[in-house]
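Dropping the structure in here first, questions after.
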Amino acid sequence: MIKDDFIQFLEEGNLSIPKFLLSNYTKLGLNETEFILLLHIHSFLESGKTFPTPMEIADLMTISPSDCMETIRHLLKKGYLTISDEMDELNIKYERYSLQPLWEKMIQYMMERKQIEKIQHTEEEEV
Amino acid sequence: MIKDDFIQFLEEGNLSIPKFLLSNYTKLGLNETEFILLLHIHSFLESGKTFPTPMEIADLMTISPSDCMETIRHLLKKGYLTISDEMDELNIKYERYSLQPLWEKMIQYMMERKQIEKIQHTEEEEV
Amino acid sequence: MIKDDFIQFLEEGNLSIPKFLLSNYTKLGLNETEFILLLHIHSFLESGKTFPTPMEIADLMTISPSDCMETIRHLLKKGYLTISDEMDELNIKYERYSLQPLWEKMIQYMMERKQIEKIQHTEEEEV
Amino acid sequence: MIKDDFIQFLEEGNLSIPKFLLSNYTKLGLNETEFILLLHIHSFLESGKTFPTPMEIADLMTISPSDCMETIRHLLKKGYLTISDEMDELNIKYERYSLQPLWEKMIQYMMERKQIEKIQHTEEEEV
């Protein structure tokens, strides 16, 4: 029995999270609930479910569907998440979440951090 | 400049989370803060830091060091995490966190779930 | 320009390979070409392309399409790979590769290895 | 018994490979054997073994230790791999492999590809 569970587990696979993102989500302005919510959307996207409902996401979390919807709204507004209109092979329109704004914020932070470190370094040398 | 950031990002690498765990941490009795805290410990372990302080972990989260220590205590007590005594090559003792209890709880849940599904299925057939 | 490349790179994501599989593919009877070919199929499956052609796979490798087809045939015959018939939401049949036989072989090997280690251990104790 | 195997498997963890690298290693000038050899070094590095011997690597592959050494030499010479001198906490020198040159080649290829696509696009428009 456990062998079948193991195979199913392997078929489900893994979600890869950049360690840089895991170490810096708070610096990007996210709290734990928001970060995990984005991970759930990431995971849904990877398994081909491009527009999960707040209900489906909340089902995997300790928050209520209405809190989940509120958090999604907040993430959309603050620019961590976006919804794009796509067209499938049969020319049927569908909506999908995209995490592209999150990646942009992460890269932005990377670059600013380097800038700040450089300035601090220069100031220390001048003192 | 961004090229160097990109290389550093690649060198840091990724943390792989089983999708089964991501979808079921609430069923294992964990909330978002506790789950993320375990992910941080997982990430520290992978980069060779076997016993991060509550301060070091809290630094990556939105919680205070004392709340972090409290949560770690709770996770140790409830059996999601353990501390083991190890010996390095120079026979110097050191402590390290282990996530083995978490994996055990996950496997246990996998097996019980199957059992429950089977019972429900039998009952439905009998009705 | 490199920022856009970076985002595209992040959107493509990662393939997670169990370290146990990476360390033991030769013990499962696979050579490097066969193992990489299975990784390519794994990656295609994850990105929703369930039945890549030998041409599409060979395009990512140093082998010719006909050698690729030959290797796929070999992997199917030796039981590392299987093709299953599926039905989509519109009741249209399609074929997809499945790596389930590979996972089964891996688990089988895990269990046999333990058995062999146990026997060796008993024999050593008896001597 | 299989439960313990499963836990051990989870503790070993996964190696994350960027899908972009998996799809483009041939364009970077690598064949399957060379690519897998780099993945083995990557995996050794992640588990804290910074300078595995050709013997230890060959042991996980279908090639002989001398072929393995030859391939490593080739990868060092062609700039996919480098050896750096490091110092541990006790001021003892040690050598470690670094995959930084591989990441540099990958980023280089990303940028050139974009350049080439752009030129082709301009030429097409001009025709």
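Per-chain residue numbering starts at 1, and chain names A, B, C and D are given in the order in which the chains are listed.
The working rule: contacts are C-beta pairs under 8 Å (C-beta built on N, C-alpha and C of every residue); 3 or more make two chains touch, one makes a residue touch a chain.
Worth saying up front: this structure is predicted, and the values here are computed from it rather than measured.
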Interface residue identity across copies chain A, chain B - same or different by half: same
Centre-of-Cα separation between chain B and chain A, whole angstrom: 19
Distance from the mean Cα position of chain D to that of chain A, given in whole angstrom: 27
Multi-partner residues of chain C (each touching 2 or more other chains): 2-3, 6, 13-14, 16, 18, 107
Pairwise touch network: line, ring, star, complete, or other: complete
Complex interface listing, chain B residues touching chain D: 3, 6-7, 10-11, 13-14, 16, 18, 46, 48, 99-100, 103-104, 107
In the complex with chain D, residue positions of chain C that touch it: 1-2, 5, 9, 12-20, 22-24, 26, 31-33, 35-36, 39-40, 43, 47, 60-62, 107, 110-111, 114
Complex contacts: residues of chain B adjacent to chain C: 2-3, 6, 14, 16
